[in-house]
Amino acid sequence: MIVTLNGSPEELPDGAQLSDLLAVHGHTTAARGIAIALNGAVVRRADWAAQALDDGDAVELLVAVQGG
Amino acid sequence: MIVTLNGSPEELPDGAQLSDLLAVHGHTTAARGIAIALNGAVVRRADWAAQALDDGDAVELLVAVQGG
Amino acid sequence: MIVTLNGSPEELPDGAQLSDLLAVHGHTTAARGIAIALNGAVVRRADWAAQALDDGDAVELLVAVQGG
Amino acid sequence: MIVTLNGSPEELPDGAQLSDLLAVHGHTTAARGIAIALNGAVVRRADWAAQALDDGDAVELLVAVQGG
Amino acid sequence: MDDPLLLAGETFSSRLILGTGGAPSLDALEASLSASGTEIVTVALRRLDPTARGSVLDVVDRLGCRVLPNTAGCFTARDAVLTAHLAREAFETDWIKLEVIGDDRTLLPDAVELLDATEQLVDAGFQVFAYTTDDPILGRRLADAGVAAVMPLGSPIGSGAGIRNPYNIAILRESVAVPVVLDAGIGTASDAALAMELGCDAVLLASAVTRAQVPARMAEAMRKAVEAGRLAHSAGRIPRRLYAEASTSFAGLPAL
Amino acid sequence: MDDPLLLAGETFSSRLILGTGGAPSLDALEASLSASGTEIVTVALRRLDPTARGSVLDVVDRLGCRVLPNTAGCFTARDAVLTAHLAREAFETDWIKLEVIGDDRTLLPDAVELLDATEQLVDAGFQVFAYTTDDPILGRRLADAGVAAVMPLGSPIGSGAGIRNPYNIAILRESVAVPVVLDAGIGTASDAALAMELGCDAVLLASAVTRAQVPARMAEAMRKAVEAGRLAHSAGRIPRRLYAEASTSFAGLPAL
Amino acid sequence: MDDPLLLAGETFSSRLILGTGGAPSLDALEASLSASGTEIVTVALRRLDPTARGSVLDVVDRLGCRVLPNTAGCFTARDAVLTAHLAREAFETDWIKLEVIGDDRTLLPDAVELLDATEQLVDAGFQVFAYTTDDPILGRRLADAGVAAVMPLGSPIGSGAGIRNPYNIAILRESVAVPVVLDAGIGTASDAALAMELGCDAVLLASAVTRAQVPARMAEAMRKAVEAGRLAHSAGRIPRRLYAEASTSFAGLPAL
Amino acid sequence: MDDPLLLAGETFSSRLILGTGGAPSLDALEASLSASGTEIVTVALRRLDPTARGSVLDVVDRLGCRVLPNTAGCFTARDAVLTAHLAREAFETDWIKLEVIGDDRTLLPDAVELLDATEQLVDAGFQVFAYTTDDPILGRRLADAGVAAVMPLGSPIGSGAGIRNPYNIAILRESVAVPVVLDAGIGTASDAALAMELGCDAVLLASAVTRAQVPARMAEAMRKAVEAGRLAHSAGRIPRRLYAEASTSFAGLPAL
């Protein structure tokens, strides 16, 4: 399946979960300083481990950067 | 009947109209620079001549003053 | 003889006077808005007509210009 | 004899010296933070011990105060 | 220089709007209005005072000025809207100087109530002259809501403290296409000139004139100051420098 | 208000003195002088430039202005005194704008040479208009030395930076009995108005007009600004407050 | 003087909050944070940049600072609220520096969206640190809505223009009971000291340190300036006078 | 940062010089001097007051500070020179803070008498610390005359009005090679920080501390403010801008 990650298409194995996507990018579900929105809604940290993904999902994976 | 004019009670003959109240205070319904609220609602200038009054009505009779 | 006018050498006939120098530069001794220093001293307007010049004299011929 | 100290007359035994005057006011010639003018002239510290006084002398005895 | 002021579809030659509050007498007021050259004058509505002699309106009418009624003293959109409707009846004008204040110590406008009242009044066909802060974003919101003019304060009403943040006034001026009228805080002539130099289209003031020791003289000063500031604004001022720039050339200095 | 300016025993109706340096052309200068309403104009003396067309003096004479020659470019009392004597011959006037500067980056006056030159020129019968710092003590020394006017700078010549220390100007104004003319630093109309509000008797400026994008328009602005500031000064401004002071009374507010 | 800062129920000894934007490197940032003595640091959330090395969070954690995430870049209440919720997940904190801006040239806050977002976030249990204008009435509305701190700007973000309207800051400080943090516009140490002298409880700054030529040195300057301003505020400064007040007595002057 | 102050051939770590005038008691003075970290303290000479208890000199000596005697109250070069010589005898020091004032309302220095006294005292081997105006040309003359430090005022002594013309202070700082000490007018911590940011080498103040409501606390504030300003000066501040400059990047904003 293909999801959109931070605006770019990304191919994932069918059945992949959010935790798989995080792993691909070097993060675990315990990672501090990251946040995830799925199709415009915040995914609570407690739900990261079990969150399923579907073809066409839009994922925003955000990290802490210098600011403000 | 008794109406409240600008916060003070004022006795009027039964059946008195807004125009009578104005006349008592030296104004005609053609007077420029005055405005009237009846029970918290604006009375349009066009309605001044025909506006009835009831016992207990609260009338605000406002005039132009120096300001701002 | 040679005099210095405003920092540059200028040849004049022997016996030339200040009035001659002025005339060469299009001014009369009645000219308003000009001033003359001879060898570092002011020449009074009254003395312009009769002021002699000597070889080597340094003349400053100043005119009114825009200024502050 | 009578000298003027800081603008007021002060009686001293004849033959009194500057050091006597200082002593009267609780200072020695070694005192730090004081200065002396005699008849409008500064008396150098080195001269305090031996400085004579005459009748009519005007002495300014100055001390360190809070300032500026 | 022909340079008329356009406000709510009308044309004026004076860029000075006068408030009438604080004048020691109607005679003094008339002299001041006259000396100021103003064509627009603010008035308020208050309960009839049987002891009052004469009417500010007679003065304004006699001088041929347009009336700009205000909503001074209103703390809520509701009161301000009601007052505007009363003023429309009283003065037969759609013009309203909209003041909705947040407290009675600073008389500063309340952004939320101000925007609310603005929307209601624009919908009801009023020409809204909105007394506001110097906040450029709020000014743009008012412009977007359809006001006839954005009227930022220089400093609190009657404070005479001038323009405390000229940068905000300049940025606000750039941020909207509608007229900007500096309203409140002017203390003296140079304040009024500065307002115009910052690009304001007009100046509205009251206390600076009415409470001056010689009101009519200050009114004349303000007229000239506004004209001066307007001319200076379009004349293209020289830049500010730290050091000097000689106005008399050093070239041609004599050897003395 | 009849309010003439007295300078060196003469009377003027305009309180704006114009410098002529920096004007793009004599035509532009004439238009500016005319628009400014000035009656006194400064000029300098420099070596004859054979390529120059027309004379600033013709312009000044045509407008009927008084000439105030300056000693611009002089760094010493000696040079300034000599220049003043030359100017007396050139313009048949005892008036001299005395400038004795300390460096060519700031063009700030040199107190020591200035006082020296002042004393020499007063002795020689000149009417000395002394360009000086905003130092009240130096101003008083110049007044004591007999100058016709003390002329403190607001900021460096041609800087357009306005009046950097208005407090000193106000204190200086109180410290002397002779006329005080704000000379140098004016950038725009509000600066000129402020100078007058601080109590100055007149304003002298050049670059602010001559180097503006539209000189004649700025000249007109300055004329009005000086008049405005003068009127405001004598009209008695309202005090500055931190908070508001209502211009519309809260009394008589309706219950809506 | 024991004078801790209370924010959202927690106690801090430093009154300087540092933004991390603009630092040339994480090493430079760490040195600056360390020199500043700050205990609270702002960070933002942005899309993962695979090329980035190291994390600002590691720096902040290593120094034991509290994280104050911001909503920089949001123009609407909706975006800001969503960003705040994301930040809560990312940093496991209810603290949020709420920025809702009106345009990208001034980065000034939009009062309407700001109030809307504030109400939503307070309802959702957030400790809202509201970046706002210097408008005292808006500040009071934010306080009434339950913010942890009102954070008025001195001048636009990153402008280094200092506090353009100190009067408004002082009035805002008096108008609310919650902590007031001067946020945005600080350019140098005296600006930070002034903020504290005006009664602010803390100062938040970023560019003034991170973009200084020697960031860590400026960070140390800011630490001392904030402490100095805080002390001066409570030490009771002398009044401002026009004239002098002798510090050395004239009494006892000798007759020399 | 090792950044000692060099004055008259000696080295100091504190850049704050304290005047002692105006302290409510010697105890309060001692606490203030101690909190300020100063190493140099001014004192005056006056006629012995038999009722006085304790001596300022004991306090100064106990704290190990250097004494800088002043000539406060002198109106002429003659009096100031005589006072300096008296001070040399009293304190066995060649250091003298030279004050020659022009009037007793402003306590502003008199340029002419000041220069005269400076020349006499330099000839007599004194290290002259010259209290002067903010005039850069006069400052250069003092430097040329051989002073140990040029000490321009920010505003009148004891006025607490801060630095009225920071441009002049900055230009003066550039104009001389000797140390520049901002002397007089400081009211609060941000004033002291600003003086250092303008490039001054040190700050001298008295009333701001001694007449504060809590002198020792203000002294500590001043110590930190001077350090802050010095650091900020050399840290290279960001430029001032009219608009914003984002501290948080817009790059990487999520699509929410």
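Think of it as A, B, C, D, E, F, G and H in the order they're written, each chain with its own count starting at 1.
Please note the rule applied: a contact is a pair of C-beta atoms (placed from the backbone, for glycine too) under 8 Å apart; a residue touches a chain by one contact, two chains touch by 3 or more.
The structure displayed is predicted, hence computed values, not measured ones.
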Neighbouring chains common to chain B and chain E, by label: F
Smallest count of steps, each to a touching chain, taking chain E to chain H: 1
Chain B and chain G, separation of their C-alpha mean positions in angstrom: 55
Cα-centroid distance, chain B relative to chain C, in whole angstrom: 92
Interchain centroid distance [CA atoms averaged], chain E/chain F, Å: 31
For chain H, residues that touch 2 or more chains besides their own: 19, 21-22, 44-47, 49, 70, 72, 82, 86, 106, 108, 157, 161, 167, 171, 206, 210, 242-243, 247-249, 252, 254, 256
Residues of chain A touching at least two other chains: 6-7, 37, 40, 60, 62, 65-68
All chain pairs that touch each other: A-G, A-H, B-E, B-F, C-E, C-F, D-G, D-H, E-F, E-G, E-H, F-G, F-H, G-H
Chain F - residues contacting chain B, complex: 247-249, 252, 254-256
Complex contact set, residues of chain E against chain F: 1, 19, 21-22, 44-47, 49, 70, 72-73, 78-79, 82-83, 86, 104-108, 156-162, 187-194, 197, 206-208, 210-215, 217-218, 220-225, 227-232, 234-254, 256
Chain D - residues contacting chain G, complex: 6-7, 37, 40, 58, 60, 62, 65-68
Touching residues on chain E, where the partner in the complex is chain B: 19-23, 29, 42-50, 52, 55-57, 61, 67, 69-70, 72, 82, 85-87, 89-92, 97, 99, 157, 206, 210
Complex interface listing, chain E residues touching chain H: 167, 170-171, 242-243
